[in-house]
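Please go over the structures that come below.
You will see two complexes here that share subunit A, one where it goes with subunit B and one where it goes with subunit C.
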Partner chain A sequence: MAKIEKLSGRKRDERIAGYVFALPAVGLLLAFLAVPIIYTIYYSVFQYQVMRPNDILFVGLENYKKLFSDSDFWISLKNTFYFTIVVVPVQCTLALVLAMLVSKKYRGVSFFRTMYFSPQLTSMVVISVLWTVLYNSNPNTGLINALLANLGMEPINFLTNEKTAMNSIIFMSAWQGAGYQMMIFLAGLQGIPKDQYEAASVDGATPWQQFLFVTLPNLKGTIKYVIMITMIQAMKLFTQPYVMTQGGPRNSTKTMVYYIYTQGFQKGNFGYACAVAAVFFVIVVAMSLFLQKVTADK
Partner chain B sequence: MKRKMLCTTLAIMMASSLIACGSSKSSDDAGTEAAANTQGDMENAVITIWSPSDKESIENWWAEKIDEWNAEHPDMLAAREAIDRSDSYAYDNKIATAVTSNDLPSIFFVDGPQVSYYAANDIIVPITDYFSDEIDDFDPATQAQCTYNGELYAISATQSGVAFYYNKDLLKECGVDTDDLDSRTLDNPITWSEMADIAKKCTTDSYVGTHIIMDHGEGIPYALEPMYLSAGKDYISEDGTTADGYVNSDEAVKTTAYLADLIANGYANVDPITDEFLNGACATELGGSWDVATLEANADFDWGVTYYPVADDTKKAVSPCGDWSAAVSKDCENVEATGEFLKWLMNTENVASYADAIAKPATRASSYDEECMAAYAEGPRALFVEQLQNTAAPRPRTPSYATFSTDYAEAMTNIFSDAASTKSVDESYIKEQLDSVAESFAEDYNTYYAK
Partner chain C sequence: MKSLKAQNALQKIFFYAGNTIIGIIFVSPLIWMIAASLKPEAKIFANMNSIKTFIPEEASLDNFIEVFRRVDLANVFKNTLTYILLILVLDLLINSICGYALAKFRFRGRKLILSFVVALMVMPMEAILLPMYIEMSQLDWVNSLPALVVPSIAKCFSIYMFYNFFKDIPDDLLEAASIDGSSPIRTFFSIVMPISKTVYATVFILDFVAHWNDFMWPFLVMTGKDKRTIQLAVQSFFGTQPVHYSAIMASLVLSAIPMIVMFVFMQKYYVEGIASSGIKG
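Now for the complex of A and B:
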């Protein structure tokens, strides 16, 4: 307070203007994130059937107790971690490679940039429907299996075999998502001063050494940001299993968000779904803090 | 450290919101689509209606009827919004969301077996009084499906059914006697083994023998339930209180094993494409009554349809039924006007024109006297009407149907996927999956509905 009093009139006006400009964003954040989070935690201690809003029963930590002995919860958590652990490095590496390819100036580079980014412009629902057809197990109706059949190979049940379903979704997701990260990397790459490469070149650095000792250190901040947003996006995996596999086969693609959705909206167990969502929120925050810590500048 | 944690948490929240905005495109698109299919003015209407979006002829029917009503009743304006169903449970989710926000329209359409679920939870209100003098004109299966605890809670204009379609060109190519199939009657339908035999003969490099998976949601319990009934056990007890000893009974395991065997042998696709039969990708199918119109308009091959297959040992003929029914919601503010509208909407003439537009059998006997229903006097449509009048069995009436439907569809998808991957049928796995359906049902019923 004393500090504010010391501010000159202009500085005080600037500070007030700052708060006013921030107000809409903070308001929206509170309305659409903070309030739902508080409500989620509140409802998680009730037995609440979505169709019986007038018949809510306080059950304390009962939903949380049930959750820890619920095998579907653990399977969903395991699947979500598996997806995240695989898709984050795959997608980020792919995005970096693509960004480096399209960062050079050559004829037709704009075309490639557009092509790589174009899956981002299409709804994930549409992409998922398209890939469901591509992955179809019958060579007469599935394009990929038709190609395999032409090569004399046995058809693969991409989405209906528990061993391949999640990996098929990972492949598709990395393909779809890499374009967005590519653009972020591209911006990062274009911000690296050219003279650093020239100096490295004069010192006799090979292209690989230039990548290791010039590109990567300069991209450190960008890489951290890309990993963070990709991880959060991966943890929220929903559309692909919803459209392509409905969590199957044998729960192999059932993810946390999909599980919350089935519990809350399909079965109407709103209280339980809130408990799962609350625990999941804590896990995501913990993972993000962990990631922040391990990637922090020493 | 605290500041760091706060910053990170805020960053996560902001990133989450950005991603959420990015990923909401599909639902926005759906909303736009639905808005485009709105008839009347939802903002100023006294009577508001939600029903699943449908083909053009039905959307036109709604537009015409809403205009007709509004012209005659300017003080009781009606408006209808088409909600996307997305081949799964998307429409039901919309209802669930509206229930929590007390934002239901005056009338919303409910799939047959969900009537009990909504009625038991007081989401819909009885409409017995509006139809007491004409309910007998509606077919018994409709009456049964729409009644809960002795009260009528919903009413539908049309019925649906499932029967065995066959592509005569492909069957002849594979040496199957199509004249025999054409000559079958309700007293002499094909058996499961005959169906499997045809599917086996008709599985080639270019197409599979049959099609048994209608969709990934309610289509599975809907289309396959008569198999279980024909084998001797329904999914759920008649009083709707338990699934244990029913959906996981020996009869149910045997029935499921029969279906899984079709997948394991490659006679049916585990992930069939849309309109697989129409596209010539399968030789036969367990298809809906609505397919008749589609095939009449689009098929470039000779096709036929015969009655729903029966179990070899019991020979008991049973067929699916049930359709979307109109129900009055708890949030309806003008119950009198809504009741009057509903009574008008379901009159003989409107039921007939709706049935004609949607190409499904009408629920009212008197509607068949209307000129537009002449097509139901013979051919495939007449077969469906005959099947409905004699063998139709409504799906279980239980408040826990939503949980049952979700879990059963999931279990069957797991079983079919397992059969497709291993190319064999594991009965112990089937039993395990069906046991989990029964357990989940018991948990839901005992938690929310058992007294």
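Now for the complex of A and C:
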């Protein structure tokens, strides 16, 4: 009898402790994550100028209709997708290659791992400033053009030509980010049973065949996860174009987040910017739900 | 047998030669950055067409002194570390107790909260910047510490990391404590916390790095010059006249030092944190 009473008393204690422990985090998540999501959608059906906060006007789906005919919005959407579609395979492949290079546990391997990881130890702002200087179109000041000049090539206006600006940002971003995914791949590679390689090499498989038929199938789950996080990260592109090109030249590096920033914070069209943000939100969430679903069926 | 040995030696040669060449090319932009930060301004773009550009001939720390003179860097570092440490203390406390409640306590709404946390993990912060900014200005927090700290304390990802870790703590251990008369809350602080240093260290380093790199949110809410965080200072120094490239390079190097120090001391937890996210996710 006494034992049962004690147990139910403990259950009650646990219930109370559960609420006490969960409440602060849940409260903050509601206030600074859930409520702002609802407000993004709420403001998106209003005409709301920052300069005139009292003239808030319900306009229904007007902002969304405006989006459809807003060529700047479509350009930002196109640029965001272009960046994502190109940077994801480039960065993930680079990360996998680097991981393969440093997967063997030879002496000094951690030195090489740190080398490939080191761009991650400097922030995206730092990297963007540095590469703006490296990409300078004058071969007397830009390191990369100096190298091209040494190879007898014409200088390239990396960041000032609309055809090359986004690709230059992609190249730099993949270089900066690959070290992170490399670490995830390394953990995946270490989980592959050694005897599978031994069996394959006994059967006379070449290293390339071993990669195709042992490494890749075993890494399937890791690859899917890495693609997912890289994609979601890529969709949020803002810092690089903000620091390096201010969205130019001729809008060629203007992304969705950049457009939300310009409309909302520079032009003060909060309602309209919220409509852009709502579309962005739906795209990212739909994308991650889709990717999670694909990832789940291992 | 001999051919196997030869093959191994060959593999080793490929490993060292390949990694040395690729590694040097890979980090060459960073080497150039460090070299440039040590060069006098007049020499920074000299010898661009030769390998000498990577070697500072008249190396000095003058550029670093100039950065401290032109940007109030001591204040910038103070601002940045203050807000990050405030976030981290609260982050580790609040998210760990929430993760523990979800992992070990039976109460109504537990499953709902857990799925709420998992669902919000993919939430892009960029989509809610506008209402967040309005919230901050209504609370009169713009340009003050709470705007940087309070919205960043609760993190779904941290809660999930703690939840995953605490889930694996054997129930026997907790039951033993409760039979000894320890309340669930006391059990957490006196028994669970001390044996969970690894997960705290991992969340600490992951979130430290994330916030040290923060750009967009501080950029929106901290507009005052004396309130700037490190990334804002670096970004605006880049656009400040007169442009001294060697001083800019010095500022880039300086801003990376805390990250390098953190990495040296907490490499194990940092790398494990990144790697484990891949295995569990």
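Note that in this section the second predicted complex is superposed on the first by the 250 of 298 C-alpha atoms of A that agree within 3 Å, B and C clash if a C-alpha of one lies under 4 Å from a C-alpha of the other, contacts with A are read in each partner's own complex, and residues count from 1 in each chain.
Here is the rule we go by: a residue touches a chain if its C-beta (ideal position, glycine included) is under 8 Å from a C-beta of that chain, and two chains touch if they have at least 3 such contacts.
Nothing here was measured: the structure is a model prediction, and the numbers come from that model.
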Discussion item. Is A:P241 touching anything from subunit B or subunit C once the two structures are fitted on A? First, second, both or neither.
Written reply: neither
Item to complete: Quick one: classify A:L186 as touching subunit B (first), subunit C (second), both or neither.
Response: second
Worksheet item: Is subunit A touched at more residues by subunit B or by subunit C?
Response: C
Practice prompt. Classify the contacts of A:F280 with the two partner chains as first (subunit B alone), second (subunit C alone), both, or neither.
Written response: second
Practice prompt. Using the touch definition from the top, say if A:Q266 reaches subunit B (first), subunit C (second), both or neither.
Written response: first
Worksheet item: Looking at the overlay, what does A:S288 touch: subunit B (first), subunit C (second), both, or neither?
Response: both
Item to complete: Give one of first, second, both or neither to describe whether A:L29 is in contact with subunit B, with subunit C, with both, or with none.
Response: both
Discussion item. For A:V125 in the superposed arrangement: first (subunit B), second (subunit C), both or neither?
Written reply: both
Practice prompt. Give one of first, second, both or neither to describe whether A:N161 is in contact with subunit B, with subunit C, with both, or with none.
Written response: first
Practice prompt. For A:G177, decide between first (touching subunit B), second (touching subunit C), both and neither.
Written response: neither
Discussion item. Does any part of subunit A touch subunit B in one structure and subunit C in the other, and if so which residues?
Written reply: 28-29, 32-34, 123-126, 132-133, 140-141, 228-229, 232, 236, 239, 265, 270, 284-285, 288-289
Fill in: Parts of subunit A lying in touch with subunit B, wherever the complex brings them together
28-29, 32-34, 47, 49-53, 123-126, 132-133, 136-138, 140-141, 157, 159-163, 228-229, 232-233, 236, 239, 246-251, 262, 265-270, 284-285, 288-289, 292
Fill in: subunit A-facing residues of subunit B, complex
4-5, 8-9, 11-19, 23, 25-26, 29, 88-89, 92-93, 96-97, 99-100, 102, 117-118, 121-123, 205-208, 216, 269-271, 273, 276, 281, 402-403, 406, 409-410, 413-414, 416-418, 420-421, 444, 447-448
Worksheet entry | Interface residues, subunit A side, partner subunit C - complex | 10-11, 13-15, 17-22, 24-29, 32-37, 39-40, 42-43, 101-102, 104, 106, 108, 112, 114-116, 118-119, 121-126, 129-134, 139-141, 143, 146, 149-150, 175, 180, 183-188, 191, 222, 225-226, 228-229, 232, 235-236, 238-239, 243, 257, 260-261, 264-265, 270, 273-274, 277-278, 280-281, 284-285, 288-289
Worksheet entry | Residues of subunit C that touch subunit A when the two form their complex | 11-12, 15-16, 18-19, 22-23, 26-27, 29-30, 32-33, 45, 48-49, 53, 94-95, 97-98, 100-102, 105-108, 110, 113, 116-117, 120, 122-124, 126-135, 150-151, 153-154, 156, 159, 178, 183-185, 188, 212-213, 215-216, 220, 231, 234-235, 238, 245, 248-249, 252, 255-256, 259-260, 263, 267, 271, 274-279, 281
